[in-house]
Amino acid sequence: MIGRNAARDDAAPPGARGRWIAGRALTYAVLLAAVALVLLPIYWMAITSLKLPREIYRVPSLWPQTITFNNYRILFEDKDFVLAIRNSLIVSFAVTLISVFISSLAAYSMVRFRYRFRGLFGRVILFAYLTPTSLLFIPLSILMARLGLGNSLHGLILVYLTFSLPLSTWLLQGYFRSVPRELEEQGMIDGLSRFGALFRIVVPLSAPGIAAVSIFTFTGAWNELLLALVLITSESQRTAPLALNYLITSDVLPWGPLMAGAVVSSLPLMILYFVAQHYMVQGMTAGSVKG
Amino acid sequence: MAEKHHWTRRRVLGTTMAGAAAAALGGKRAALAAPALQKGSKVTFWGGLIFSDKANKLLVDTVNKWGADNGIQTEAVMINQNETVQKVSAAVASNTMPDALDLSLDLLLLLSRQGQFLPLDDVYDSIGKAQGGWYAPVASSTDTSKIAGGRTGIPFGVSGNLLLRRDDLLSKAGFSKPPTTWEELAQQAAAVNKPPLFGLGLALSNVGDGNVQISVMQSYGGRIADDAGKTVTIKSDATREYLRWVKAAWDKKLFPPGNTTWDGAGDNQAYLAGQAAFIANTGSVGIAAKSQDPELYKATLYSSLPGGPKGVVSPIAPQLRAVPKSSKNPDAAKALIEHLAQPAFMNAYYEAAIYGPVLQDQAKFKAFTGGDPILAGLLDLVQKGTAPAYPDVFNAGYADMFNNFMIPKMVQRVVIDGWDLDKAMDEAQVGTQAIYDKYK
Amino acid sequence: MSQAPTPLTSRPAGLAAARQAAGRRRWSAATQDRVFAYALVAPALLLILGLVAYPFFYAIYVSFTNRVVGNDGEWIGLGNFRYLAQSAAFSSAIWNTVILVVASDALKLSIGLGLALLVNQRFPARGLFRSFLMLPWAMPAFVAYLTWRVLYQPIGGGLNLILTGTGIYSGIIDWLGQRATAMPAVIAASVWRGFPFWFVSILAALQTIPAELYEAARIDGATAWQRFRHVTFPAIRPVLIVVTLLSSIWTANSFESVWLLTQGGPSDATMIFPVLAYYGMQTQRLGEAAAVSVAMLPVLAILVLVATALMQKDDEA
């Protein structure tokens, strides 16, 4: 019953052909401009990672004069950046899976049922979110030390749930709300349990939303620095942002390796984005569950 | 520290050096009356990660070698100095402090006031006696006896600011000697000022480099507070005189644009980019230039900070090692700290790091006499420099004022907001008094 | 909607019948639903309470003490707040935080919504555009802001290079070093990094709107604006509320942008609460640092209450 997407322009009346072309041209123009603005700093990072140190400082230019891969060599050979990427992957995947699962349950509960404290729960989850990290890190490190999880990836995963759970619970509520209730009820009449209704109907229908939420959770965990800085001590447990931060050891910034690190550590995210893209578009086909 | 490391040239080099240092120490160690250390016990050490990979490696390897020799399990982790405050705050709160750690004087004083560290007078005395005694400003500024009932920190290095100058440009303009006063500095800077090259690469922003302005102000006779360290005395004719100097240099456009919001790397960046003729720096820029821009390195000369009507104020910043009271293995921690003060190791360490010496005998180290201009400059700094905060009192109020950048902010009021000097001084005076009042 | 028993919906008669047919009758259907509802929300709630409730109340408590690192200190009532209230940086921080949050939210909303609407059309290469537009989010924040710092550099910075290169303006603009441009520069960098969150969230919401609704609206002769007003907007409204709320909290609590770009300068022109709290932390004055953050809580709390009320209204509509 639901089409692939809101393709409004497909059925443009023939008389409006000229206007359609103009509109399409405008769309491309605006998007290209936006992409250019978005890419400027990223382009700057990328070329800086290929420059020689002297060139970075002395001859600031919009493109490199000579290309070097030495910065990447430093990153991988001297700094063991692969290990940091591995740690970050472990932490981010774990956080995303746990967080999206638990918060789907919570969000569903808060959207579909009416019970006492429902509003309160929602608010508690958000209020928790208001505490700035700069304040959280001391009590959290006390907590982790007591749980024996200091200086470990497990501890980091647990701690990252503090910011990923509120985020995903709240966003998922927004997406679940837009799933028509009738579909679910129909499914239950057809014999699905509540769980079944959630995982067979609501989740597939909100797939674009869940994909988006996964992207945010993963990215948030991937890029977190302050808590990792405080909770992780051993070199073997360092995450990617932490390893990058440790490149800056004094008041001279190692621009080359730093930017090489930024490029490398954003690659897994870019792959994730392309994959998640797929689900964001594909999500709607699942919507043709018969209702 | 047992992770797989790639055996790069640097690592091999570092290990070899550590080996050499350790071997040289071998003979001396027997002479020390070391307490019997419990075999198989564990010591964790947080070293201060610094600019030089070589120095970091050397420190870690020396600690581990010491552990292996004494049958003690060591875990040496290098902590990024930029983040020590957060790291240590969390560790103190969660009772996960290491057995020994490197830290700045500022942090040592803060935590010593809270009784967090063991007194190490015996270690301090024994090292001092063996190596010709501690330098006076180092000894006086790191004395925690009054606040902690003993010396809690063992100094191992001193940093501070040197004045770096572009000799290639300045000698062409007829200045072959470094400026000795701030007025002279401004004159020389003006002579070579030709955008995009700016004469005065001094930071006026809310970072450590911006706090160099406190020294300038003090050298003009301005003071943060009275001798008791209680009543703030920023507003004075001397301070006004100092502000006139800044304002004049600003109006002549001697400062590189952006210097009111520079971060810690701002002045270095400007210098490495060839946009500043003078900067005040710990020496890290010199090291960076040495490997990255040899031409600039050759064109650079070093001198001590200029002075004002009241002489030179060039504060030293001692780095120290301490043992937290929470340590379960304090004897081993103390033995380790004593071990790390041995001449052979320290000579090798100083050669790679950018610290000045703390002990009289260290002045004879090849590191300082070997002709390296930066290390020679740091030696000079220790011998002629002033104690932190001098002529003011380095108390909690001063540290708070320092960390809140009250003086750079006062200058920003003048140059950014165009406030008249008295109004800017009034604001700084009131704001800083409120800070000092917190510690009454 | 009237007070139907749980769940919220007007329950078709068939559903209750189906339940009864299934023969699970130990509890009434309503009780079953309630237990189920609590069970679903429990894991999230427990985790959050366990991990954040303590830190949260700790922060509030500490803000009334003169605690420093290594010493619990004692209760000093409003002492920290009184000290803050007189400091010049604090009053700057209030306004700057409000300006930063409102301006960047407004910009992120318009940019995010605009781009999401564009990309939601069907045209070649839109997947590519979508991915490119998300890239700012992929950069570690501190590296991203350091890069912006370099772009803003007065001499040799990318922005001025481009302005000179294209002949638009050839002088030196000190983006971060003067009052007029410092805050806008910080806002621009934070919008750059923050808009993908809005863009992706809104796009995901747009994707859930059935095309039939637009067609029906078109048949009824609705204009583009009417279609947006009556079809698009209601569908993305719940997500917009959440996104506005979360993004405001983030921006209000974000430390890295300002710290890495200006440290709050020049002359407090970009001083915001988290940076001020950081200065407190540097002197290990936990009480004072907590007080800075706690001072900001009421504003954020009102935001949370408004947002939750709006969402509840949606439920009942």
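Just so it is clear, A, B and C label the chains in written order, and each chain counts residues from 1 on its own.
In the analysis below, contacts are C-beta pairs under 8 Å (C-beta built on N, C-alpha and C of every residue); 3 or more make two chains touch, one makes a residue touch a chain.
Chain identities (UniProt): A = Carbohydrate ABC transporter permease; B = Extracellular solute-binding protein; C = Sugar ABC transporter permease.
Source: prediction; values computed, not measured.
Colleague: Report back the single chain whose CA centre is most distant from the CA centre of chain C.
Modeller: Measuring from the centre of chain C, the most distant chain centre belongs to B.
Colleague: If you tally contacting C-beta pairs, which pair wins, A-C or A-B?
Modeller: A-C
Colleague: Quick one: report the Å distance separating chain A from chain B, using the average Cα coordinate of each chain.
Modeller: Averaging C-alpha atoms per chain gives centres 40 Å apart.
Colleague: Just curious, how far off is chain C from chain A if you go by their C-alpha centres, in Å?
Modeller: A distance of 14 Å separates the two centres.
Colleague: By the touch rule stated above, which residues of chain C touch at least two different other chains?
Modeller: Counting only residues that touch two or more other chains, chain C contributes 153, 155-156, 281, 286.
Colleague: Taking each residue of chain A in turn, which ones touch at least two of the other chains?
Modeller: In chain A, the residues touching two or more other chains are 60, 138-139, 226, 245, 253.
Colleague: Can you tell me which residues of chain B touch two or more of the remaining chains?
Modeller: 86, 89, 93, 269, 273
Colleague: What part of chain C is in contact with chain B in the complex they form?
Modeller: Interface residues on chain C, with respect to chain B: 68-71, 83, 86-89, 149, 153-156, 172, 174, 176-179, 182, 260-269, 279, 281-286.
Colleague: Within the complex, which stretch of chain B touches chain A?
Modeller: On the chain B side, the touching residues are 1, 3-6, 8, 10, 46, 49-51, 53, 77, 79-83, 86-87, 89-91, 93-96, 209, 264-265, 268-269, 272-274, 281-282, 284-285, 287-288, 291-293.
Colleague: What residues of chain C sit close enough to touch chain A in their complex?
Modeller: 6-9, 11-12, 14-15, 18, 33-34, 36-38, 40-41, 43-45, 47-49, 51-56, 58-59, 111, 114-115, 118-123, 127, 129-144, 146-148, 150-151, 153, 155-158, 161-162, 165, 192, 197, 200-201, 203-212, 214-215, 218, 227, 235, 238-239, 241-243, 245-246, 249, 253, 255-256, 274, 277-278, 281, 286, 289-290, 293, 297, 300-301, 304-305, 307-308, 311-312, 314-315
Colleague: In the complex of these two chains, what residues of chain A are touching chain C?
Modeller: Listed in rising order, the residues are 1-11, 24, 27-28, 30-31, 34-35, 37-42, 44-45, 48, 60-62, 102-103, 105-106, 108-115, 118-119, 121-136, 138-140, 143, 158-159, 161-162, 165-167, 169-171, 173-175, 177-179, 181, 185, 188-189, 191, 194, 205-206, 208-209, 211-212, 215-216, 219, 222-223, 225-226, 240-241, 244-245, 253, 255, 258-259, 261-262, 265-266, 269-270, 273-274, 277, 280-281, 283-284, 287.
Colleague: Chain C touches which residues of chain B in the complex?
Modeller: Going by the criterion above, the answer is residues 85-86, 88-89, 92-93, 107, 110-111, 114-116, 195-196, 205-207, 256-261, 263, 269, 273, 275, 399-400, 403-404, 409, 412-413, 416-417, 427, 430-431, 434, 438.
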